[in-house]
Amino acid sequence: MSKVVLAYSGSLDTTICLHWLRTVKGMRVYTFSANVGQPEHLEPLSERALALGAVSAHIADLRDRFAWDFILPCIRAGTVYEQGYHLSSALSRPLIIQELVDLAQEEGCAMIAHGSRGLGNDSIRFRNCVRALAPDLQIIAPLHELGHDAPEDDLEYARAHDLPVESVRQTLFNIEENLWGANIQFRGADPWATPPRETYRMTLPPENTPDTPTGLEIGFEKGIPVSLDGKPHAPVSLIQSLNRLGGAHGVGRADMIENRITGRKTREIYEAPAAEILAAAHRALENLVLERALLHFQEMVRIRYADLVYEGHWFTLLRESLDAFFARTQECVTGTVQCRLFRGRADVARVESTFSRLAQRDTTMIRMPPSFPRDLTAFHL
Amino acid sequence: MSKVVLAYSGSLDTTICLHWLRTVKGMRVYTFSANVGQPEHLEPLSERALALGAVSAHIADLRDRFAWDFILPCIRAGTVYEQGYHLSSALSRPLIIQELVDLAQEEGCAMIAHGSRGLGNDSIRFRNCVRALAPDLQIIAPLHELGHDAPEDDLEYARAHDLPVESVRQTLFNIEENLWGANIQFRGADPWATPPRETYRMTLPPENTPDTPTGLEIGFEKGIPVSLDGKPHAPVSLIQSLNRLGGAHGVGRADMIENRITGRKTREIYEAPAAEILAAAHRALENLVLERALLHFQEMVRIRYADLVYEGHWFTLLRESLDAFFARTQECVTGTVQCRLFRGRADVARVESTFSRLAQRDTTMIRMPPSFPRDLTAFHL
Amino acid sequence: MSKVVLAYSGSLDTTICLHWLRTVKGMRVYTFSANVGQPEHLEPLSERALALGAVSAHIADLRDRFAWDFILPCIRAGTVYEQGYHLSSALSRPLIIQELVDLAQEEGCAMIAHGSRGLGNDSIRFRNCVRALAPDLQIIAPLHELGHDAPEDDLEYARAHDLPVESVRQTLFNIEENLWGANIQFRGADPWATPPRETYRMTLPPENTPDTPTGLEIGFEKGIPVSLDGKPHAPVSLIQSLNRLGGAHGVGRADMIENRITGRKTREIYEAPAAEILAAAHRALENLVLERALLHFQEMVRIRYADLVYEGHWFTLLRESLDAFFARTQECVTGTVQCRLFRGRADVARVESTFSRLAQRDTTMIRMPPSFPRDLTAFHL
Amino acid sequence: MSKVVLAYSGSLDTTICLHWLRTVKGMRVYTFSANVGQPEHLEPLSERALALGAVSAHIADLRDRFAWDFILPCIRAGTVYEQGYHLSSALSRPLIIQELVDLAQEEGCAMIAHGSRGLGNDSIRFRNCVRALAPDLQIIAPLHELGHDAPEDDLEYARAHDLPVESVRQTLFNIEENLWGANIQFRGADPWATPPRETYRMTLPPENTPDTPTGLEIGFEKGIPVSLDGKPHAPVSLIQSLNRLGGAHGVGRADMIENRITGRKTREIYEAPAAEILAAAHRALENLVLERALLHFQEMVRIRYADLVYEGHWFTLLRESLDAFFARTQECVTGTVQCRLFRGRADVARVESTFSRLAQRDTTMIRMPPSFPRDLTAFHL
């Protein structure tokens, strides 16, 4: 009997995957569910997966790793996809897939399954990450095998096989939320319909926000936010606080036509209060301390970086090398940024750094000796 | 007696230039003053220049050319310098310099003078443009020759030579305004001081704006805005209307550390309501109709374009060639964009175009035959 | 009975396609064969296709269009893929596919077939071009449907169906030649094996070339080569002459690891004497007449252009827009270049142009008025 | 009496500088002369400088540092300026200037002097490097102060002050040679004159090279050449060997129109046998082991890197950050490359690496865990 790891969220579609893999294909299924900061509770998933016949059900709290290993590098790199999307879902994919691959290798599974349909962003990201980490693992997309094109197909399958259908999905908007933001994907006939107010989960509409601004101060160290209003914060806690503060002022909404990996266009609505505030603050600090030529060149690099993340090319030498580039540029991106949240905007009011170049006269240079590692090849000589 | 064309704004510094060129250097001075949409009245300048000894005083209304030949290409190219500055002053320089050069050639002047000091943005732009248009023209910077470093030196010269000093300049903020935006340059000791409310001329503070949003619809044709709320508008009129509408909602403020051409950093505050609204609308329309690969490549091109404009490299083959590139990309950037102005934001609510790719499935391509000009070399054959 | 257009070269694989489409699938097959400068005679193909049951057999001499519409833009853009491949095969694909699509539309065919296997460069280019030109056309790859992975499968099919097998393909090297170059693709076990001398068709080995150099002079007009040694030449004739002259001196060989569209690496050997000479001459002329900033920016653009061509993205707005860019940069790339062919090298000995900037002192500028098309929107106003 | 450090090569122009600084300006002059691999003997310089009145005369053998800290990073980055110049002189400038600055600081000099004239490459590089390393040091260019525009002015000064004029400079070609290559700068009336044979010092003309090729094998470790024909070599020894071997086969000549920093164009002739061989070998190895997306992106980065080096922006955070990028991309650029030198060409015949991707099917990915430094901010938490 062959063994498969399944990315299991408890939704109807991954429930169908689990059922199909076990009963139709007769496989031993190991489910994996990750906490990346979504509001849903994961605890019941374990029981449900086992009830549906899973061999074992794994649940992991990945919030810390999500923040440290995936979100922070993007803050440092100032990465935004198509000038509006802070990559919340895209960034969680390589993390989850890496865990799935690890589990597959531990349990000796030759296969790995996910609940995406067709040739969309997620199935491409899945393939790119798995190929990079474990090229011999076979990828299965049960909904694709079943020929399910739409939620209606799922409902029919659930009825036919007596699967629990807790809540019928919203038909017009498909919402995905994690620590770094929410993604409201539109499905209706009029691509420009106004989503109902309750669609937004992280932000108030700017009309309903307080009449007085909120000021806050973010401390950065080497390009990474480390404190809020003078108090040190671990990344997860800092992001959660900024989501709360920014959301209350309607900060971080984006509503845009986005280009998928395949070139297909969709309307996407995003909420990302913390990401929006941190991006504005980080940029203002960079402008204060980095030389002009570097700032202008960086613009091109961050566009490429955003594409890599969006396309699921996280586990590439190119992404690693761009991170090495940014790690170096950020060595003096240390200081504090005062922001002002008001009516959907996060404006910067004051930036301070011991590395400030504001007083310098006319040089674009810095003082540092070349530092090529001599000992690299020394053992040869 | 040698002849010189002077860029004359009526300000104290250009008044000193005129006086110095005529009395100290004994030159025949032809003044030129341009209307590029600034609020000051130009009519009195002619009389004043002649009273100060100018041979002749030219005044030209360049607003139409400014909009058609300089602002529209930048809208089309989606150009913003360091993600905040819509290049209002920088864009007016090549236009004015081209007129100065034309006048110099008509009047047989071998010299051309301006009121900038030192090696700043404006003197570099002046040199770059003059070298491109008329490399044999000699450039004179009287304030530099006089060793004037600050407005205080000007005041002393004015007193010593009994020159009219209408109004003492603001000492903390130096404001320059034209059709495309206002530039408030900071001079004080605390680089992060809050400018007094009256410093802002084009926009209300978001706190004081109406409680209800204003909706508007902009029509674009080949990347160029041509109508407002269904009514055709010439560019100048369209921009003036959007400045008024946007300013009333506090749209278009930016407050940033900017990198000058020489690499020196300064804090700059900008107001550009029309520019901000048009940029958001144009981008949303492009996202609807342009293929992904083009949109992503364009990002790099527009960064280069902004640098060229900022640095005064307008009269270069590179800028011309980038314009040829954008002229082609914009051929299908035709449609309407509905915007919503509220509390300092210009949000896009709906975009429509006959060239929309929103319904297309998965291609990044368009249908068009190759169109290389065969007849180009035909006469040789 | 359904109708299909087949790209037919007379090779065993396209012969199998024809047989399979007609006998197994029972389709009405219209073959199309193009002369793009390959050495094989196309005349017999018509008879053979009809003998194999084709409804009609079309043969077209596309050499002129190949040169004018595909090769010249690449010369102008200075395009080389991965610094070694002049894109000879890649460039012929969109031309041939455009003809196939036209024929399909004339004959009312809903399908279009080609002889490539698997997910390689050619099948991706085919898909990209067909989707751009006629997204409703269905693409068929008979060898893929048949599960043929290697030439051995083809031979077996031929024997089983009594198809004529004129010459057994070379097993180690697969050669494709056209007007713009030859492509020797390696297949053996040792990826670094030295190909036998007769593998090379267009160039002599540098060891066997004459002891004395050959000098020649190429005239360019707006970036396009128009004359050889003072005599006007049409593009096809010029390229043929340079292939002959360069090949005799061993010019234009490249032997490299190349990255396919999918990222797979292969060793490829190229011969492209005319392309190599023209690239060196064109670059030297550009260096003489173009401003520094433009030359440096162009480097980035030409890398993107090469990728587009290599990937079969010819029929895109991005490629069209890059061509508009290059058309503008090349307006002063007019002059003559003297070259010297010797022992595998094409060196430039002298470059002359009325647009030479060699004597200019220190400006990167040119003199030209802005030329934004005012009449574009005039009819609105 | 003020103190000054002078870059002293023993040439007539730096001899004049020394004389002028000491006798006309009455300064205490400390000379510094560096061995960066030029053929001239430096030993006599010390005696001559002291005879001319220098307070002290320093001579340093910088060949090892030149190779390790400046040449190796450029090999690793694959940097070539305008596709022809391996940056030999440009690379030596930051090294020498860093030593001059160190000496100035040790000796308590507030000034630093060099023998360049006008606003050329070298004086710009000098200014850029000094400003980065010691912005308070004052730069003096005695020949500029003296108004010497040409060698004739120097000769006249030498006669007037009875300075030793050992050899009159060549008037048509000005040659500068170091470990990494020779630079023959043209001065005559016909910009395309053929230089006399003896102008070339490092390479034979391809016509006079042996009839049989020389094969050699270079070993690379992390992008850095470490062995020749299986024998470990320190960088200086490896480069010297390749200069000798390559020069005997006429490898490494370039003859081009080059764009100076200011945009001015000059004809330049280069000889760089080792640089040419190493660049070809390094590129071939990269093509074997690096993923496609990285190779293509790198093209853009290396163009920027070459510009930085050419312009004397070595001591910038941007250059440091690009080095961090390349240090990461090169981690698997380890292997051996067989080359074949013949008639002016260095062709690659075989490349081998344990990181070869030649056999991989279709992935552009590599397997590596994300490696963001967690401990960076750990102390805060």
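To keep things simple, chains are lettered A, B, C and D as they appear, and every chain counts its residues starting from 1.
Assume a residue touches a chain if its C-beta (ideal position, glycine included) is under 8 Å from a C-beta of that chain, and two chains touch if they have at least 3 such contacts.
Note that this is a predicted model, so its numbers are computed, not measured.
Within the contact network of the assembly, the step distance from chain B to chain D comes to 2.
The chains in contact with chain A and with chain B alike: there are none. Counted by C-beta pairs in contact, the busier of A-D and C-D is A-D.
For the pair chain C and chain D, the distance between mean C-alpha positions equals 39 Å.
Chain A and chain D have centres, each the mean of its CA atoms, that are 44 Å apart. Within chain B, the positions touching two or more other chains are listed as 291, 293, 300, 363-364. With chains as nodes and touching pairs as edges, the resulting graph is a single ring in which every chain has exactly two contacts. Chain contact summary for the complex, chain A toward chain D: residues 68-70, 72-73, 94, 98, 128, 131-135, 221-222, 224, 226-227, 232-234, 290-291, 293-294, 297, 300, 304, 308, 313-318, 320-329, 331-332, 363-374, 376-377, 380-381.
Those residues of chain B that touch chain A in the shared complex are 82-83, 119, 191-192, 194, 206-207, 213, 255-260, 262-267, 283-284, 287-288, 291-293, 295-296, 299-300, 303, 307, 342-345, 347-351, 357-358, 360-364.
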